[in-house]
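One structure, as structure tokens, below. Some questions next.
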Amino acid sequence: MAEKAYTGRITVDPITRIEGHLKIDVEVKDGVISNAWSSTQLFRGLEMIVLGRPPEDVHNYVQRACGVCTTSHALVSIRAVENAMNFKAPPAAELVRMLILGTLDVHDHLVHFYHLHALDFFDMASALKADPVAAAKQATQVSGREAQPGDYYMVQARLKKFVESGQLGWLTNAYFLGGHPSYRLTPEENLILAANYLEGLRVQLKLARAMAIFSGKNPHAQTMQVGGVTCYESLRPERLAEFKAL
Amino acid sequence: MSSSSRISAKLLDRQLEGGRMSRRDFMKFCGIVAAAMGMPPAFAADVAQALETKKRPSVIYMHGAECTGCTEGLLRAVDPYVDTLIMEVISLDYCETIMAAAGHAAEQALEKAMKNPDGYYCTIEGAIPLRDGGVWGKVGGETMLSLFARVAGKAKGVIAMGTCACYGGIQAAAPNPSGAVGVGEALAAMGIKPINISGCPPNPINYIGTVVHLLTKGMPDLDAVGRPKMFFGSTVHDKCQRRKHFDAGEFAPSFQSKEARAGWCLHLLGCRGPYTYNNCPTAQFNQTNWPVRAGAPCIGCSEPGFWDQYAPFNRDVLMKGEKA
Amino acid sequence: MKRLLCIMTAMAMLTLPCFASAYEVPKDLIIKRPDKTPQQSTWIGQVKFPHGFHAVYNNCKACHHEESDRSLGQFLPCTQCHVKSGQDEPTGFYRAFHNSSPVSCLGCHKQKRLAKQGTPPISCTRGCHKKQ
């Protein structure tokens, strides 16, 4: 697309790699965005649904506002009710809640960056052309951990096999296919990020498991209630050790 | 028939008769195909690989009125891991949560996936809003009702993922502002009977187990509300580890009681286990825990209409005449 | 006219004895554990079952589900057939009442609640197994 000279309207619907349904409309004048609108494409009415229900129940309902940041809605709802009652939860409960929220934060940072955003920044196809040894060297420099060229070679081989199968799956029509000027990273950097993308899928498992030790399950925690948390079993030493190990 | 296609037919016939094709013959066949495609002889090796590699089944994953919790739940799968699943087991040809393309590119990816000559399986997460012609939920400018009818209608099989897709879920709770209903109900007129994997969210084992069963042994046995009996055949109460406390009449009276601390039965605190069908006590979530084990009473999240029928949650289910 | 009156009286005389010896549907029943089934829990005793109430609102065959060849006065109690002990026994004593099928107490009560046709009891301690 000749970006510099374009004048007109661009609609992107659906916006992908988000939670929910979003439409973005932009008006472009000579390659510069002059006006923009965003519009949600789904209305469920959770606020209307919780009206009239007992306050101590509401955290279950609003948690389903989003399955990615799920626990944050539940916690806020519980805090709102406790504030209204001028009630302070016991310190142990607060600690457990913080642990649950903390694991959610780390989990979300990881998943949000790699599996939701990163495909806008790194080019999986270009990773196939990278030199694994150079990639490992760069990764070691940047991250401070010892990166093995063998690992990157394996990732590259796996990607190669995947691309050659002809079934690109969720990478179909990706913007980087065939090269795109917006993707400015070197092939080695792309390979590092591709490897992290795949490894990230395994790491997020452990983070979710750590949260589940206190929240009962992940997504959608169930142990947080108005007044505290219910997970006595999780405070046993072996469970705490399990959490720490993760 | 041209000479090249005649040779191909002869080679294929031999294969069909059950006689094994020698490697040399097979490569000869690939060479002919390559030549027919106007490619140099070296391309024969690529053809060989493409034919040998079995094509991964195509899955189209649609999102309706949902919270994406079920997709997140799927990300927690361990057997197989989700990266193995989407790279080596299936071909996830459309899934708005992780797919690279957006807007028109995504729409085209969907249309391309729907034209797959080998067909595709459709998984739908989230309910379908019906009020006002379905305008309260749209994807790419098309109502979810219309889009899902198209996609599910052509699919080899439809799986409704999560309580929302099965029975309407959270948005269908009173007063159901968007008129949301489950996939089975919305598309019943088309004769679509999805396999219901309910739960809020479902254990990924239940979904993946069903997909594997579909691909290897065909349709699983379903219960009266469309859930595979192998996962939803018993109640949470049946296999609960706190059952010995229930049987002994040991009920925790409140969350802060010493009985709750001791892990007594949560019946009086509103556990819906006895009438909830799911495998939570045995399968567990994230390989480590499940609500009752963590002291949280079951809310019955795999049952139709549980947001209304089993509410309010932290007390025993309401009797006739009792108010919330 | 007189002939009609005679016929009417004769008919009334014939039907009267039928009503006099009509079958009476049992009003309240006690559901007892069959002798050989061991007690599963310590606190669950007998269940007082308002049979008459159920008979008014439901078809007999809705609960007496395997007795299509029988009629009023001939139906069997559940415990006649459902005698096997063990919670996992699919047609055992426990499952007869606690099942997803609408033929069982729990299954039907769940369905009615879902269809918003009232709030029949499903609670363990406050419903059917309430301490009398």
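Should a chain be cited, it is by its letter among A, B and C, assigned in written order, with residues numbered from 1 in that chain.
Criterion: a contact is a pair of C-beta atoms (placed from the backbone, for glycine too) under 8 Å apart; a residue touches a chain by one contact, two chains touch by 3 or more.
No experiment lies behind these values; they were computed from the predicted model shown.
Peer 1: Treat touching chains as neighbours and tell me the shortest step distance from subunit A to subunit C.
Peer 2: Step count on the best path from subunit A to subunit C: 2.
Peer 1: Looking at C-alpha means, what's the farthest chain from subunit C?
Peer 2: Of all chains, A has its centre farthest from that of subunit C.
Peer 1: Which chain is in the middle, if each chain's centre is the mean of its C-alpha atoms?
Peer 2: B
Peer 1: Compute the distance, rounded to whole Å, between the mean C-alpha positions of subunit A and subunit C.
Peer 2: Subunit A and subunit C have C-alpha centres separated by 54 Å.
Peer 1: Centroid of subunit A to centroid of subunit B, CA atoms only: how many Å?
Peer 2: 20
Peer 1: Can you check how far apart subunit B and subunit C are, centre to centre, with Cα atoms defining each centre and the answer in Å?
Peer 2: Subunit B and subunit C have C-alpha centres separated by 40 Å.
Peer 1: Write out the stretch or stretches of subunit A touching subunit B in their complex.
Peer 2: Those in contact with subunit B are residues 11-21, 23, 41-46, 48-49, 53-54, 56-57, 60-61, 64-68, 70, 111, 115-116, 119, 124, 158, 162, 164-167, 169-176, 198, 201-202, 204-205, 208-209, 211-220, 222-223, 225, 227-234, 242.
Peer 1: Give the list of subunit B residues in touch with subunit C in this complex.
Peer 2: Against subunit C, subunit B makes touches at 223-224, 238, 246-249, 251, 267-268, 274-275, 277, 303-305, 309, 316-321.
Peer 1: Across the complex, what residues on subunit B touch subunit A?
Peer 2: 46, 49-50, 53, 55-56, 58, 63, 65-73, 75-76, 78, 81-83, 86-88, 90-106, 108-109, 112-113, 129, 136-141, 169-171, 173-178, 180, 200-201, 255-256, 260-261, 263, 285-291, 293-296, 299, 307, 311-314, 324
Peer 1: For the complex, which residues does subunit C have touching subunit B?
Peer 2: That would be residues 40-43, 87-88, 98, 100-101, 106, 110, 113-114, 118-127 of subunit C.
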